[in-house]
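These notes open a run of structures that come right after.
In the two complexes that follow, chain A is the common piece, with chain B as its partner first and chain C second.
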Partner chain A sequence: MRSYWKQNQQRLAPWLFLAPGIFMFAVYVIIPIFQSLSISLYAWDGLGEKEYVGLANYVELMDDRAFYTSLKNNVIWLVLYMLAIPAGLFVALFLNQTVRGIRIYKSLFFFPFVISQVVVGLVFSWFYDPNFGLLNIGLQAIGLEPIAVLADENWVTYGIIAAGLWPQTAYCMILYLTGLNAVDPEQIEAARLDKAKGLKMLWYVVLPQLKPATFIAMVVTIIGALRSFDLISIMTDGGPYGSSRVLAFYMYEQAFSEYGFRMGYGAAIAVVLLAIMMIYITAFLYKMYRDERGL
Partner chain B sequence: MFQRAKSLTAILAATTMLATTAFAGELVINTDTSDPAPKEAFEVLIKGFEAENPDIKVTWNLFDHEGYKTSIRNFLTADAPDLANWYAGNRMLPYVNAGLFEPVDDVWDENGLRESLASAEGSMTIDGKIWGVPYTYYQWGVYYRKDIFEANNIAVPTNWDEFKAAGETLKAAGVTPITIGTKYLWTAGGVFDYLNLRTNGYDFHMALTKGEESWTDDRVRATMANWKELVDAGFWIDNHAAYSWQEALAPMVQGDAAMYVMGNFAVAPLREAGLTDDQLGFFQFPIINPDVPVAEEAPTDTLHIPSNAKNKEDAKKFLAYLARADVQTQINETLGQLPINSESTVGDDKFLQAGYKMLSSTDGGIAQFFDRDAPAEMAKAGMEGFQEFMVKPERLDDILERLEGVRKRVYK
Partner chain C sequence: MFPTPIEKTSKGSQLLYKVALPIALIFWLLPLIAVALTSVRSAGDITAGNYWGWPTSFNMLENYTAIFENTPIGKYIFNSFKVTIPTVIGAVALSCLTGFALGVYKFKANLLVFFMFVAGNFVPFQILMVPVRDLSLNMGVYNTTTGLALFHIAFQTGFCTLFMRNFIKAMPYALIEAARVEGVSEIKIFWYVVMPLMKPAIAALSVLIFTFIWNDYFWATVLTQGADTQPITAGLYSLNGQWVAAWHLVSAGSIVAAMPPVLMFFLMQKHFIAGLTLGAVK
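And then the complex of A and B:
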């Protein structure tokens, strides 16, 4: 026994250290994924008997307009949420200077990320309020018709994304600020000697060094876009008539909300959401694998 | 660091202990009565009960109204209180079917409730058993700004033509006739209930919510055509989809809107916002089709014992206390609602008296509410459809076909 341990210590130690992590990951992530897959084949209200229905939940999804609305909104979220990355970079570059009190400015810009998403949602609901909201007071001041952003099916998703961009920009900003600290001053110096400045300096010298920050910013932004939920729940509750739902919210509504409790159908939506996420996850894993091997 | 972790575990242990231990004589009650008046009513109720039963200590967990509807499922299965409030009718069916509520026939028999609460026995009975104790109900109807009506010489409308004419006069005076906030959908359900009850009557309305009639039926279309008249005439406030029902009270308080199709619970916040009884009035939803018997909407609120409750004995004592005539008189006075117990007295508040008079002379039937009469899935789809219809009335055919599709799936 003792000699076995001695002989294989090198091979066993990593697994022993990994064991708690693997256990938690399996119990809270991997196993639930397979449970979702299996529940999505049943009709179940979460309380009574499960009834096996095969692929009926997926067939129904194919014909469900609310599902397509959510899917479309998810795509809009994914695309527009990316704006947080350049916006964050811009703010970070702007704040990356040494003047008196810069720390206060930095904290102020970071503030929206610190406060709860629920508060962000409330603030923006008031901002958009058709009667007393700042937005409409502003629009009226320049002679435009007021827009009830959160009650209009065409505007509502964009309105919520704008609210989401506020904290997300702050998040990307902090990532870039940290990245900018690590930019090699000698390279900047050398580029200066070669007469690089402005956008060229940014594009060819600074940005390549910020690549790790950009990578992380993209990951957190994509994840943030796919799990956008709290803002929708607070600002519109998925309305008006379901036009601001995304898949995550629709899943919650079908499975857990007041009028839902269709666990199987909710699980089917979750599986579709997982499939979409898998595209990104695979791409990232592939990229990380290549980076590790130094390709 | 270690010290901190240790104190953290201590706190964790303490909270889990709090959550799980319920020693004898402790009664846990979960309710969603978080609005000021219902909250006060429950405070009074619990204090009264504790005074009569000094050996029982009541722990009362207060939930917010919208969140409660989701959390009740969790706590009924996982960490059940000894009593929880809910609603009569179809709304409690899923919990009864899942065996999460305890039948309380014995409480009814031992306390003579079959006589004193007779009016609500039907809506509390499923499969021949009684599943809770009702303690209050309230009327729905039209709450209106009396002073604005008087300033524009509008008499209280009793039929559809008068109602529309009143709206036109209000609009000409620069007042939006009706306020509503449909963000959480159910307010639109109340409007549909009344329009359908008045157009087609109670029997058709109940058949529709039970799934026995088609949503593409011409009678539903007749109801929606009446609704469309109000939408086309611009009777509803703009952007109602952005407001909750409380937010929609503001235009009425400010005098920008004159009517609200609502339940009696709207009176308390309206008064609190500064409206006096000279400014605020109530009338019965106007008659549309004089041939159908007049039916009303009066949801009943109830208290139930979860099957997983730990202290059922004291919970039954509490239910018996809650059903008593004097207790129902007292709490309904605070609630500003109507007692179920026939020996209770109705408060002398003018809205209560009006509601009591209206409901006791109703012969066409009393509906609970759209989301209590229809099963949850149908209710959700229906109310979402009504909200969409109020914004985009031209999509009516599409909406009704969608609802018909849901009906075919839900009622198997």
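And then the complex of A and C:
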């Protein structure tokens, strides 16, 4: 026994170290993914017997207007959330100086990312309040009609996304600040000698060196956009009339709220969301794989 | 350095920059400043609609005592700690092990196992929601802080493994080789050679996970209900429902809820940013 361990130590050791982690991850993450795939083929209220219905849940999705609203909002989220990347870069460029006290400024600009989305949601619902919110005080000051952002079907999703962009921009900013720190000063100086400056310098010399930061910023922003749930739940609860739902929220509503306990239908929505996410996960893994091989 | 250091520009733009900095900051944090101000207003200010003017009186003590006396916010905070601290310890411990295994050993399934952790870390929560709730019910840990912490430990192991593995991979391999030549066992190599070098990674991960879990709202609503088990994020949401129009109390509650991760961030800033920006530079 002892000598077996001695001889095969290096072969056995990794699995020994991996065992507890793999066990937990399998039980709570990997297996549930497949369970959800299976539940999406059943009609189930979460308590009673499951009834196999084949693809019926997916067929129903195709005719569900609320599903299309959610899907459309997910696309809007994905597209507009990307604004956090250039916005973060802009703030990072603004703050990438060495004047006195700049470190405090950097941390305070980063602040919104540290606080919970629940608090961000409360703060913004309040900012948008039609009676006393700062937004409408501002609008009235410049002579415009007040808008009840969160009660207006046309505005509500944009209002929530704006709230989400606040912490997300802070996140991208910190990624770019770190990236800018590592930009090769010699290349910048060389480019300056060649009379490059401003936007040209940014585009041709600096941005290429910021590629890793941009990549991470894109990954976290896409994931963040597709995971959007907290702000919607806090600010509108999907309303008005379900117009601010996204897939993540609609799924929760179908599976757990008073409307439903339709676990199977909810799982089908989750599968669609996973399928969208898989595009990005695959791309990410592919890039990682190439990097690993390239080492 | 890019952009051009401001010291090298004209006096005018230097002055402009120094003025623009605080103004930009105030605009950026305006929503938060408003909340902080509101949290010290009196109920009279709120009913009179004085949201943006100077408070007629400063009721900091009253408001903050009121939320602790009249609501279970203290209980919520305590629950948050009961979920967050075990999660930090559990996820960091598990990922030290997995990170070591994947960063040090070369074996066939290495990349496959690693990718499983990475991919799992990115899946939408909703795909896990129904089975995880079911599993917690069956294990008898539904609606307990333990149940919530167990899930968080497992899920965060994905991200933590990615982090630890890359950190260990960047360490000098010769160190481990040397220990092996000396006949040191693999377990001792882990404990005496590698662990001491992982301290910065452990610190960075701990603050990050603390913040992530403290701020989690989704899983709190899925796996807990009621003041006995809910953490502060979910608690704040239900309090918001009870306190219609008592904005001074909602604000004070928000500030209290935000405090622990904010303190954590300011105390451990270097580690926090190191953790968050892993991979942002090559």
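We adopt the following convention: the second predicted complex is superposed on the first by the 261 of 295 C-alpha atoms of A that agree within 3 Å, B and C clash if a C-alpha of one lies under 4 Å from a C-alpha of the other, contacts with A are read in each partner's own complex, and residues count from 1 in each chain.
Just so it is clear, a contact is a pair of C-beta atoms (placed from the backbone, for glycine too) under 8 Å apart; a residue touches a chain by one contact, two chains touch by 3 or more.
Computed from a prediction, not measured in an experiment: that's the story for all the values here.
Q: Determine, under the contact definition given at the top, whether A:G239 touches first (chain B), second (chain C), both, or neither.
A: first
Q: Could you say whether A:G46 touches chain B, chain C, both of them, or neither, answering first, second, both or neither?
A: In the superposition, A:G46 contacts both chain B and chain C.
Q: Count the residues of chain A touched by chain B and by chain C, then name the partner with the higher count.
A: C
Q: In the overlay, answer first, second, both or neither for which of chain B and chain C A:F90 touches.
A: neither
Q: Once the shared chain is lined up, is A:P130 touching chain B (first), chain C (second), both, or neither of them?
A: first
Q: For A:A148, decide between first (touching chain B), second (touching chain C), both and neither.
A: The answer is first: A:A148 touches chain B but not chain C.
Q: For A:A267, decide between first (touching chain B), second (touching chain C), both and neither.
A: second
Q: Now for A:S257: first (chain B), second (chain C), both, or neither, which partner does it touch?
A: first
Q: Figure out whether A:V27 sits in contact with chain B (first) or chain C (second), or with both, or with neither.
A: The second partner, chain C, only.
Q: Looking at chain A, which of its residues have contacts with both chain B and chain C?
A: 46, 256
Q: Please name which positions on chain A make contact with chain B in the complex.
A: Counting only chain A, the residues touching chain B are 45-48, 60, 65, 128-130, 148, 150-151, 153, 236-237, 239-242, 256-262.
Q: Under the definition above, what is the set of chain C residues touching chain A in their complex?
A: That would be residues 1-7, 17-18, 21, 24-25, 28-32, 34-35, 49, 51-52, 94-95, 97-98, 100-102, 104-105, 107, 110-111, 113, 115-120, 122-132, 134-135, 150-151, 153-155, 157-158, 161, 185-187, 190, 211, 214-215, 217-218, 221-222, 233, 236-237, 240, 247, 250, 254, 257-258, 261-262, 265-266, 269, 273, 276-277, 279-282 of chain C.
Q: So in the complex, the part of chain A that touches chain C is made up of which residues?
A: 9-11, 13-18, 20-22, 24-25, 27-33, 35-36, 39, 46, 93-94, 96-99, 105, 107-112, 114-119, 122-124, 126-127, 131-132, 134, 137, 166, 171, 174-176, 178-183, 185, 188, 197, 201-202, 205-206, 212-213, 215-216, 223, 226-227, 229-230, 233-234, 247-248, 251-252, 255-256, 263, 266-267, 269-271, 273-274, 277, 280-281, 284-285, 288-289, 292
Q: Taking the complex as given, what residues does chain B use to touch chain A?
A: 66, 69-70, 73, 77, 94-95, 97-98, 100, 182-185, 238-242, 371, 376-377, 379-380, 384-385, 387-388, 391, 402, 409
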